[in-house]
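After this come two complexes, each holding chain A, first together with chain B and then together with chain C.
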Partner chain A sequence: MKSQKTYSFYQLFLKKFKKQTMAVIAFWILIGIFLLGLAGPWITPYDPNRPVTEQYEEKGIDRTNEMTGMIQITGIMSDGAERPVSEVMLQSSNRQISSVSESSGTITITPVGQGSTTVLIAKGDVATQIQLDVSVEDTPPILTQLLLHGPPGKVKKGDILQLELEATLSNGDKLVGLEQIRSNLQQLMGARKTDSHEKNGFLTARKKQSEEVGQIHYQSTDEKVIRVSPDGMVTALGQGIGQVKVSIGPVSTIVPIAVETPQQEPVLVKIKPSQTHIALMDNRKHQQPSLLHWFGTDHQNRDIFSRVLAGTRETLFIGFVSVGIGAVIGTLLGLLAGYYGRWIDSIITRLTDILLAFPGILLAIAVIAVLGAGMVNIIFAVAVFTVPIFIRIVRGSALALKQMTYVEAAKSIGVQDFVIIMRHILPGMLPVVMVYLTMRIGTAILLGAALSFLGLGGDITAPEWGAMLSAAKDNSRNFFYPTFFPGIAIVLTVVCFNLFGDGLRDTLDPKLKE
Partner chain B sequence: MQMRKRVRLLTVSFLVATAMLAGCTSNSGQTPPTNGPAPEHAEQQEVPVKAELNAELTVALEAEATSLDPWNSTDSNTLHILSTMFEGLLTRNENGEVVPVLATDYQLNADATTLTFHLRKGILFHDGTVFDANVVKKNLDYVRNKENGMARASFFGFIKEVTVVDPYTITVTANVPNSAMVAYMAHPSASFKSQKELQKKIDDPKYNMDRNPVGTGPYQFHEWKNGQFVKVAAFDDYWDKEKPAKLAAILFKPVMEASTRVNMLKAGEVDIVTSLPTLDARMIGEDANLDVYSGPSLNMIYVGMNTKLDKYKDKRVRQAMNYAINKEQLISQVADGYGTAADSPLSPLVKGYAKQQSYLYNADKAKQLLTEAGYPDGFAATLWTRNSTEFVAIAENIKMQLQAVGIKVEVQAYESGTLFEMLDAGEGTDLYIGRWGAGTAEADWGMRPNFASDRIPPNYNNSGFYQNQQVDQLLNEALKATDNSMAQQKYAEAQKVIMDEAPWIFLYVPDVVIAKRKNVVDVGVTLDTVRLHAAYKQ
Partner chain C sequence: MARYIIGRVLGMIPILMIISILSFLFVHLTPGDPIRIMYGAEMDMATYEKVKESLGFHDPLYVQYGRYLQQILTGDFGVSYKSKTNVSDEIGKRFLYTLGLTFAAMFWALIIGLVVGIYSAAKRKSIWDRLGIISTTTIISIPEFWFGLILMQIFAVQLGWFPTSGSGTFVHLLLPSITLGFGVSAIIARFTRSSVLEVLQEDFVRTAKAKGQRESVIIWTHVLRNALIAVITMTGLQFGFLLGGAVVVEQVFAWPGLGSYLIDSVLARDYPAMQALILLFSVQFLIVNLLVDISYSLVNPQIRYE
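After this line comes the complex of A and B, so read on.
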């Protein structure tokens, strides 16, 4: 009833191919990879060549609060007035956790690594500490500021005063009076012990910090005017203006005391930061994979997902173009050698043997060594490495096809060699060439990646899978994602090409029956 | 006939030479020298006399020692080993101050031309010979004689003559007034070796001093197995009875791969690791069994630029590039915070260093300066770098930061030897990343090779063709200055000029990062080398 089935090569091919489940899956994945490669530059979520931190603002992602801490500082004078202070001395007690810089009263704190540290802000004898947590939580509070209340009235010679000391903690608590501070001190300083590396068995020039960290030190700047006992009892001795300096660890303050003289210019007694405790995130590099960065970020804080995408095109380009060139040249030479035989065959076959004597990667490296690094040269190198293999295959097929009766027939009626080659021999070997081409692309991609891994790919900073692996290899112990994702991209692409090629071969091979 | 005779003679001598060579290699590779009393000593060392001493200490170095001759090695890696066996007249203590060792005191004369040492008495070399003024003279005369081909010969080029005043007093006279003489004599290469050993070398020029170190230090050479270890053992007759060797032996193992060093340390296979990768340093610091030391080194990392090129001729362009780089960001990104932003062409450890106004990151100012200089849209540049991961990371960062002000940089990575050749050839240089270590810890060596006009290629190492007569003059004056503070002042001035002229993009001073197991105590770190004189295990 139905019309007679016409023979169609393509339908048969498709029918056979569809039975190769793996090859079909690989084929669709490859289509996906192609599309990604083509669309690459437009669909990358971030610029693959710049750190993401610079791009959050453009992308409308607000992470400034976690990224840098901005602190305004104001100075409190001895008469209670607030004045702006600048040109303060800044010191991050652990440079591996944060770095600090200041410009006109604003202190910028940039996280460097994970941990908890303190930033000391000092001007003259006044020093304030800020607690800084980078990617850690629940750190015990520390002492941040001290304030010594000056005597309320005039001071006469021989007076004995007890000045009231006020300490501010990083969680905002205030401790007033010596007793209260002392009782809390042990606990406060205990928390600092973890990050003190003083006794570590190295004989170095490291400055010794004040021996008794947990002690309150009183000091008078002018012993003729005032004397101060270790308990903070101030005795006025002579006329003039003296200053009492109190310090606990690195935090210190002063108070001026005028004995039998009118109070002079107010001096700075406290630096008040707008925040005493800052929590920041360490996201300056190697960010973990997250919703924001699917594959994490690399050592220069560039989005790995964007880089992998951007690298797809280049990788495919290297694979296709180099194998394409290699296949065309190889097929031509192979046809010539196989069809004409004799001296042409000898020359081409010997040259092929020479090229095949080199291990593939060495041959490619040798080519790069002569031509210099660069993308174009990589393509050329991979092509050189592909040519001899195609020559061999094509020559073999050509030799076989030459013996076919239809070729002999064509020859006997005087068809030109060129026409015979193009019409009768080439089509016969196309399936073999196609299969080999597909499988070779995988190898070519691998070789291209290997060459750029070795730093022979020209621009080593470009988003290229091999180069990305190379840059990340030293940190692979600490972070898996900078090497894992480019690596998996290479594996996936190469495996897909191989599976696809396998499927093609099984489909096209006439010897394999259904 | 005669011809044939000569041929035969040649053959014979060739055979003999081959046999000798073969003998040499196996000797030096496997056992201490067969000639001389050293091996007997070494064997004595293993007798249980040392049982009360602590066990062996193992140190992982980043590379094989180049030579165990302090006059013939120039890398700080070898210095870690040499400092256990050799001593000089002077040395630097942990604070970088010069202190006498084999001398009891020293005196620089008023016009900085002669330096007189009074030597300590009763010092024995490892081979039992006595140390005195004659030994010092012989040593210095040998090393500074360029015909002997010692790598440090030019280092001692400042010496005009060495005079023995009496057996324990010696005077070193300089060619020209040289206030840096004391610093040079405190350098580890100014170490002294046994006269007997030196005589062997003089008698037989083929004698290999690189593998036969005989000094006065608390440890003596025991064995060097190629590619495996260098072993030194305690020396019983060390002169300083208060500071004897506290370990039976120290093993220095070359371990090229940084990650292997880290793993070995964690596993307890080695006790000390030099040059730890910065990314691991903090994690190791948190390990209860390990300690990490980090401190500034003598190195300076910079981007040099070819000042002959039109684009870099304008000082404002060079300054703009300095303003365009956020050094803090660079340090945190590529060195994990283990570094200090450069505020002078010199490392702060270098004597003569004077802090200058540094180029704080200011992209707007950079752009403005570029516009003023006629490059509102920037320009294209090529940046040469070594191909090690560390340098490539720096280059990448520089590229991104310069891009932000419009300078388009192409990074080209080369193997370090190739790069040095290219720089010394001086052709096609544009931008290049350099690392300069001021080995002497002295300002002259920190600046002269890099900025003096006569050091442009092919001379060493002013690869950016920077020429400034004022700098030349200041450097020369500083060297001739008799008064120390005067010299410092000249050096400070030179640094100021160089900083302002900005022939480099001044980047940062990297830290040395050294890790050890907690049970190893009293490991000294002087400048950027490890000193193990006093180390012991708990």
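After this line comes the complex of A and C, so read on.
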């Protein structure tokens, strides 16, 4: 005879559950999330509560290269030779974005804020501009250098000559000739004007300045030697050495012109920086996601990846504890109502009706309005929201189980009510309670996060997913990552709980399905 | 029928009473002295007593409750501690915003939910059906405030199609209402699917199939008509969900409705406003549930005689 294999309840359950692929996957992901939650505080790459900049030194990460910009400058003389320059005049047009300093031909730029600005390097009549972007991209190029080509041969008195002007833009483009420069400049200045207008509406003073900027100014240092017209025509008037200075806004250059005299010492005509456009990252807050900070950093420069990891525990804690409290109270009341019936039942059922008369989140908000904002109160609020649902389910289930023959039998032989409830009724409804427990944890996490997001959790500096979203929502228009990653963590966890709950339901009690 | 409706309305009265008592007790349940919150902590005892007297806090609780009941029945919800304006005026200003948002959200939820649900059921076990099930499970798990922030980031900030927040025109309504309706659309889709599948098992569907009727005709004439009764009820019940969700979504999009008023008043401990809003939200919820029950009993006569 073939021996029939018998399965225990748990083996049967496992056999059935394994067929629910999605639920099994969700279950394993949940195990992973639990482990992360348990290990959270120890495996975070950074301290979730402190700005990362404070931690770089401890971790031996050197980020000074990325944080400060170094620029070498060399001077180009009128005879084409390169010479080192020092003691230049430096000016950062927006000190809120960066500060600059110079030592022996090297300029150090340290960002202080975010935005786009220019640094002016000047020596005598020669001035060069560098474009500096801190944590911004796609800024239009600006004019950085000017160069006037001197006359090729000897200049005689009475000669009229046109000096060729060459302009270099921060993206490396060169514009040659007045016409080209003029037409391009107008376009460039226009773009910059609207740009600055958009970013800060109160910069009226600078707007005026930038209107003048578009003009090309010629100037002669010695009117007796040479005269220069506004469109750059140079007339030699007398013997000697004169200089023509040309400037567009802050950028300027000179060219020496010797009229009927031999050329003398070459003068500085151009300051050549090693870079005309420098892009820096502001490391003090809102760093973009990178290899160093997978999820970026938030408004206090705390590592979001570490915070999400550390927040796993707290978020799961809110979900479990609140649903746990709600389920225990709900199950007890439901058992009382279902088993004893009569006036106990009607009181408890009325209570449930009233609690269910409020839409879920409003009930929770009302509880917090009474208790005050705070994480613990969020747990209570979510528990209160969970209680009536469990009362309903358990009561219905108890009503059905009470009719069972074995319960009647137990009653008829005089078993105490407490024993009947604990031994015969509670185990019978355990599958249903378990299913709802799992499904409710997802909802509880969502509700807890929503309350926390609304600012009802009190402390929004805590690494909890809802609180992180709440803290990041004011900057959500400029930076997506501080809100994106905690949100994804919530979605993943809740999806897994829901899928796992669905799987449990289909396995334990197919009748429950819709 | 009339008897059923009257019965249901009368049945609401005790619940309304308890809700009004709870909202009345609100001020007394909460820690902190409402007078101190209203007028600041530094006030001498004499003025304190005077204010207490003028507000009637000396009277026994049942007298105060009677007065409160009288006030709310005449639509007077008191004066806000924070803005010192009439709470009912503020509610009147904001009520239509929340109502508009809720209805627009329900519109999206119904359109998306019904289309996805019916399609999933008609093409059951296909790849689209599976995709539908997976995406509805995911959508239900998405916090709506986060979804709103993402939509805002994509469509308002990156693409610039919609304003990020505020109110006034139809365009302002689009993002908040889609955000709010999205979660409910998943619930409606799931429910529609299972409801349609259930009706597909019925004998009359088999008969229709047996006589060679086309699948699309069966779905549109025989199945939907029967399946939609349950869907309509379920949809009505989702209004409560939407009212709650509106609280969060309004906060995300700075929508000047009742929800953002509620959160502001909770954070500012503005009790008269809180009291009024919690009362209003639960009464709204009760009325919607009542309307759903009545409309359900209109389409399904069995329920009336239970």
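Assume the second predicted complex is superposed on the first by the 296 of 514 C-alpha atoms of A that agree within 3 Å, B and C clash if a C-alpha of one lies under 4 Å from a C-alpha of the other, contacts with A are read in each partner's own complex, and residues count from 1 in each chain.
Note that contacts are C-beta pairs under 8 Å (C-beta built on N, C-alpha and C of every residue); 3 or more make two chains touch, one makes a residue touch a chain.
Note that this is a predicted model, so its numbers are computed, not measured.
Asker: Report for A:I97: first if it touches chain B alone, second if chain C alone, otherwise both or neither.
Answerer: Only chain B is touched by A:I97; chain C is not.
Asker: May I ask you to decide whether A:Q300 touches chain B, chain C, both, or neither, giving the answer as first, second, both or neither?
Answerer: Touch partner of A:Q300: chain B, not chain C.
Asker: Determine, under the contact definition given at the top, whether A:G455 touches first (chain B), second (chain C), both, or neither.
Answerer: After superposition on chain A, A:G455 lies in contact with both partners, chain B and chain C.
Asker: Please work out whether A:D353 is in contact with chain B alone, chain C alone, both, or neither, and reply first, second, both or neither.
Answerer: second
Asker: After superposition on the shared chain, which partner residues are touched by A:R50: those of chain B (first), chain C (second), both, or neither?
Answerer: first
Asker: Check whether A:K473 is in contact with chain B, with chain C, with both or with neither, and answer first, second, both or neither.
Answerer: The answer is both, since A:K473 touches chain B and chain C.
Asker: With the touch criterion stated at the top, can you tell me which chain A residues are shared between the chain B interface and the chain C interface?
Answerer: Common to the two interfaces on chain A: residues 373, 455, 473, 477-478.
Asker: Which of the residues in chain A come into contact with chain C in the complex?
Answerer: For this pair, the touching residues of chain A are 22, 350, 353-354, 357-362, 365-366, 368-370, 372-373, 442, 446, 449-450, 453-456, 469, 473, 476-478, 480, 483-484, 487, 490-491, 494-495, 497-499, 502, 513-514.
Asker: Which positions of chain C touch chain A when the two form their complex?
Answerer: The contact residues of chain C facing chain A are 14-15, 18-19, 22, 26, 29-31, 134, 137-138, 140-146, 149-150, 152-153, 156-157, 164, 190-191, 194, 240-241, 243-245, 247-248, 251-252, 262-263, 266-267, 274, 278, 281-282, 285-286.
Asker: Which residues of chain A touch chain B in their complex?
Answerer: For this pair, the touching residues of chain A are 49-51, 54, 95-97, 99, 101, 110-115, 197, 200-206, 284-285, 299-301, 373, 455, 459-461, 470-471, 473-475, 477-478.
Asker: Over in the complex, which chain B residues touch chain A? Could you list them?
Answerer: Counting only chain B, the residues touching chain A are 94-96, 258-259, 262, 277, 279-283, 285, 291-295, 328-329, 331-334, 336-338, 340, 360, 387, 389, 392-393, 395-397, 399-400, 403-404, 410-413, 514, 516, 518, 520-525, 531, 534.
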